[in-house]
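Look at the two complexes coming up: chain A is in both, with chain B in one and chain C in the other.
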Partner chain A sequence: MTTDTIAAIDQTAANTLLHAAESALGALTKTGGGSLGPFTAGWKASASFAGGTAALEAPDTIAIDHLRVNYSLNLNVGIDLSFLDFCLPQVCIWTPWGTLCTPTICVTFPTAISVTVPFSTSVEISANFGIAVKLTGGTWIVDVVIQAVPTLDLGAAATLLLTAVGAAVSVALLAVPFIGPLLSIAAAVITAGFGIAEVTGLLGSIVTLFVSGLTFKVWTHAQTFQVLAAAPPFTPAVHVLVTNVAAAVQASTKNELVLSVDI
Partner chain B sequence: MNALDSRFVRVGDCFAHRFSMPGTFRYAVSVLPSSFAAHHHESSGLTITVTPATDAPQVTHYVTVSAAEGLTASPDRITVSAGDLVVWSPAKSAALGFRVRGKIAEHIVDSGSMRTESIYTHAFGLAGRYRWRDANGSALKGEINVAAPSDDVEAWLECLKDGAFVHVRGERAEPESVEIAVGQTVVWAVENAPGVTITDVALLAHGGRSDPDDQAGR
Partner chain C sequence: MSLTGTHHAFASIDEHGVNVVLHAFFTARPRYLHYGSAPFVTANSTTETLISPIAFPGVAGGISYAIDFTIPVVDLYPPNGTLPAPLVLDPGKLSISTTVAITIGCAVPKGNDGRGSVHPVSTKLRVIAIAHPSGVYVSPGVGHITFHVDEVLIPDIEPVTLRAVLDCLLEMTLNAVLSSVQLPFNIIDVDFFKIILEEGPTIADDQIELWGDIS
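Let's turn to the complex of A and B:
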């Protein structure tokens, strides 16, 4: 059986398709939770993709280099300060009506001080993408799908995020009554609780959620489409049914992304 | 939290009164700064029976106010001798604070409108300059400067045992300005006043009075 229609694009056109697909994908959002050392961390993140250079590699691989993942997150860190609980001692003081002694007053610190840290940055990835064709809801779709999550270089971002978390925690602590002289103790315990490794791990898990299974939709077409309008009273509309679609990177004089359509 | 306002006795605060005359003090504790609480013989069941003075040394009695379905005072009934001090303080559960108001003979005792032989204490939790005045409108006012101490925690804990004293007579506070460190307690003893509060001007609309000096306050 021969293929009814064949279309091929070269690497330049593939890059145009890729960038259009990135724009069409828009911003993805996800929410989740994790931990930063002994502290809880909830987050809401969004990511979008831009740039990158696609190289067609037979058979059936599109290698995309320097794809930029722009991501932003609102990180909510919950910190338990109950380890600072202490008691104000009894105060005895002269008054005109006798010495007054206050009762000992125990100060309890919040068990769930919440700090929200907004954070935005980007990371570049390079990865191989495969080609996937599917028929969904009467529409043929050609996707390029990432094959494996690449190594993410998040060191610089983690350092920035750690600094931002530290600054936000410091501001929040300053508003806690009675903590003043205990601030350095609190800061020491908190900063000992998590470091760059924990922040990198959290950041990695968030970015991986966006990159894992990353799919760009590069071509869609209705399974059935009209080619001739109805001409009443005798001629009905003429429709074409696309029975099969195949896509592959093929090597000829140069590598091309080839689309084969049967009707 | 930890606001300076004698109308709401919160964690870190106390209200105290010396009962100098025998009689029965019937009172209520309320979260509202209203006068409903003790008008004046309703059955709140909270009483302090003051017996005639004896030669025994003065005693300080402590009442803890807790919040569950409502505010409760424990013990709810006590007997004291004339000249004794009674100190009300909140349990952690009474986070919103409370007001003590009641009557003994024809004398009203009210933490939200202190007249005489009344004491309000407040432990300051945050550094800063606190201008305070009477929320009920008298000319009474003052200032507390709360310094952030050094990181020497042991020295800081030791200094917490020392309070500062402010004597309120009529509509004047002496001293008018006090310097303390975070966590230290200031004790106001109110004598012959027209029914005053000790309230941070930051909690009052327009500083509580039309005094331009206070508009530049905290």
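Let's turn to the complex of A and C:
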């Protein structure tokens, strides 16, 4: 049995289609929390996808190289400065008029300083995508879906983020009363609390959330397909029913992404 | 051999798909199958199209008539069977089969009571036509395919001159019917892409094919 309609594109057109699907996906947002060394870190992040080069590989694989993941996040680091707390003990001095004693003076520092670090950058990924066809709620959908999360090269981004966090922490500490003489100590203790590995881990967990299960919709269509629109008063719309859809990468003299539709 | 060939995109609809669309079209819009003058049809509607009677001196109100087609069935090259001679389905062509009912209002002269009447006289004819597709490209993804009848045959009509008259009549009417039928590009490329038409429509392997680029 043959297919009623066939729409096929080669690799060049597939790239055009893919880039349109990337734009259509738009920006994704996620929120979460984690740890940054001994500190808590909450974040709100968004990511969008652009570029990349798609190669059609039979059977049914679309390999995308150098897909750019543009992401930005607002990282909120909670810092507990209680480690700086100290007390000046009571000191008594004998005088001809009696013994004079100073009170015990304790200085406590805030336990919940919130430091917000805005950060934006991008990372390129290369991964294989599969093809998935489904009928959901009366709509046919063809997705290309990432098969596995690729290795993320986040080293440079982590270095930038670490620097940004350090700068933001220093600025935040300047606003803490009585910290003046202890500023350098506090900054040193805090930045020693986490390093590039922790920042890389945090970034990796965030970016992975966007990349894992990454899906581009390359075709959606109502199961009831309007062939012609109505033109009142005597000309109703014309519809046909899409009964089956299949999508595949087919190899011949050149590889093609083929959409087969039965009506 | 790839589907896209030297182009970047390919779209096709096969014979079954074309017939599904034609069936949907004429089921939704039966007025394109049923034409008549009063009293057969009294007003335009979604089911019928009102036409004028044939004017003729001495026939009051003209000669009323109706033409009704069944939903045409298309056979894309290569043919599914043998066509009646002399019709031949060549590459790039399609055949269209339908049945037409031609009815005239036969006026009965006034009798003694002074009242005349009109009673329908009808004949049904099997019609086979050879046609070719034409593409109309407007902009990326926008355009349509229509069919133009090149030749009509009504088998088993004698004498030949009568057949020639009916052939010509039905070629004209069938072309008029088909001019309302449009296969929009988006039922062929199914909106997978917006085709920039570079080649086609052509008919081969029981399907109508388009080639081009996408936007």
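The definition used in the following text is that the second predicted complex is superposed on the first by the 235 of 263 C-alpha atoms of A that agree within 3 Å, B and C clash if a C-alpha of one lies under 4 Å from a C-alpha of the other, contacts with A are read in each partner's own complex, and residues count from 1 in each chain.
The rule is short, and it goes like this: a residue touches a chain if its C-beta (ideal position, glycine included) is under 8 Å from a C-beta of that chain, and two chains touch if they have at least 3 such contacts.
All of these numbers come straight from a predicted model, not from anything done at the bench.
K.L.:
If you stack the two complexes on chain A, which partner ends up touching A:P96: first (chain B), second (chain C), both, or neither?
P.N.:
first
K.L.:
Under the stated touch criterion, which partner chain does A:V227 make contact with: chain B (first), chain C (second), both, or neither?
P.N.:
Second partner only, chain C.
K.L.:
Would you check which partner chain A:L88 touches, where first means chain B only, second means chain C only, and both and neither mean what they say?
P.N.:
First partner only.
K.L.:
Mind working out whether A:A7 is in touch with chain B, chain C, both or neither, as first, second, both or neither?
P.N.:
A:A7 contacts chain C only, not chain B.
K.L.:
Looking at A:G130 after the superposition, I want to know if it touches chain B, chain C, both of them or none. Which is it: first, second, both, neither?
P.N.:
A:G130 contacts neither chain B nor chain C.
K.L.:
Could you look at A:V238 and tell me whether it touches chain B, chain C, both or neither (first, second, both, neither)?
P.N.:
Only chain C; A:V238 stays clear of chain B.
K.L.:
Touch test for A:W219: chain B only (first), chain C only (second), both, or neither?
P.N.:
second
K.L.:
In the superposed arrangement, which partner chain does A:G155 touch: chain B (first), chain C (second), both, or neither?
P.N.:
neither
K.L.:
Hey, which residues of chain C end up touching chain A in the complex?
P.N.:
1-4, 7-14, 16-17, 20-21, 24-25, 28-29, 31, 44-46, 182, 184, 186-193, 206-207, 213-215
K.L.:
Can you list the chain B residues touching chain A in their complex?
P.N.:
Listed in rising order, the residues are 1-2, 11-12, 14, 16, 18, 20, 58, 60, 62, 64, 83, 85, 87, 89, 92, 117, 119, 121, 123, 125-127, 148-153, 156-157, 160-163, 165, 167, 181-183, 185, 187, 189, 191.
K.L.:
In the complex of these two chains, what residues of chain A are touching chain B?
P.N.:
Chain A residues touching chain B: 86, 88-98, 100-103, 105-108, 175, 177-185.
K.L.:
For a test of understanding, state which residues of chain A touch chain C in their complex under the given definition.
P.N.:
That would be residues 2-10, 12-13, 16-17, 218-219, 221, 225, 227-228, 234-240, 242, 250, 252-254, 256, 258-259, 261, 263 of chain A.
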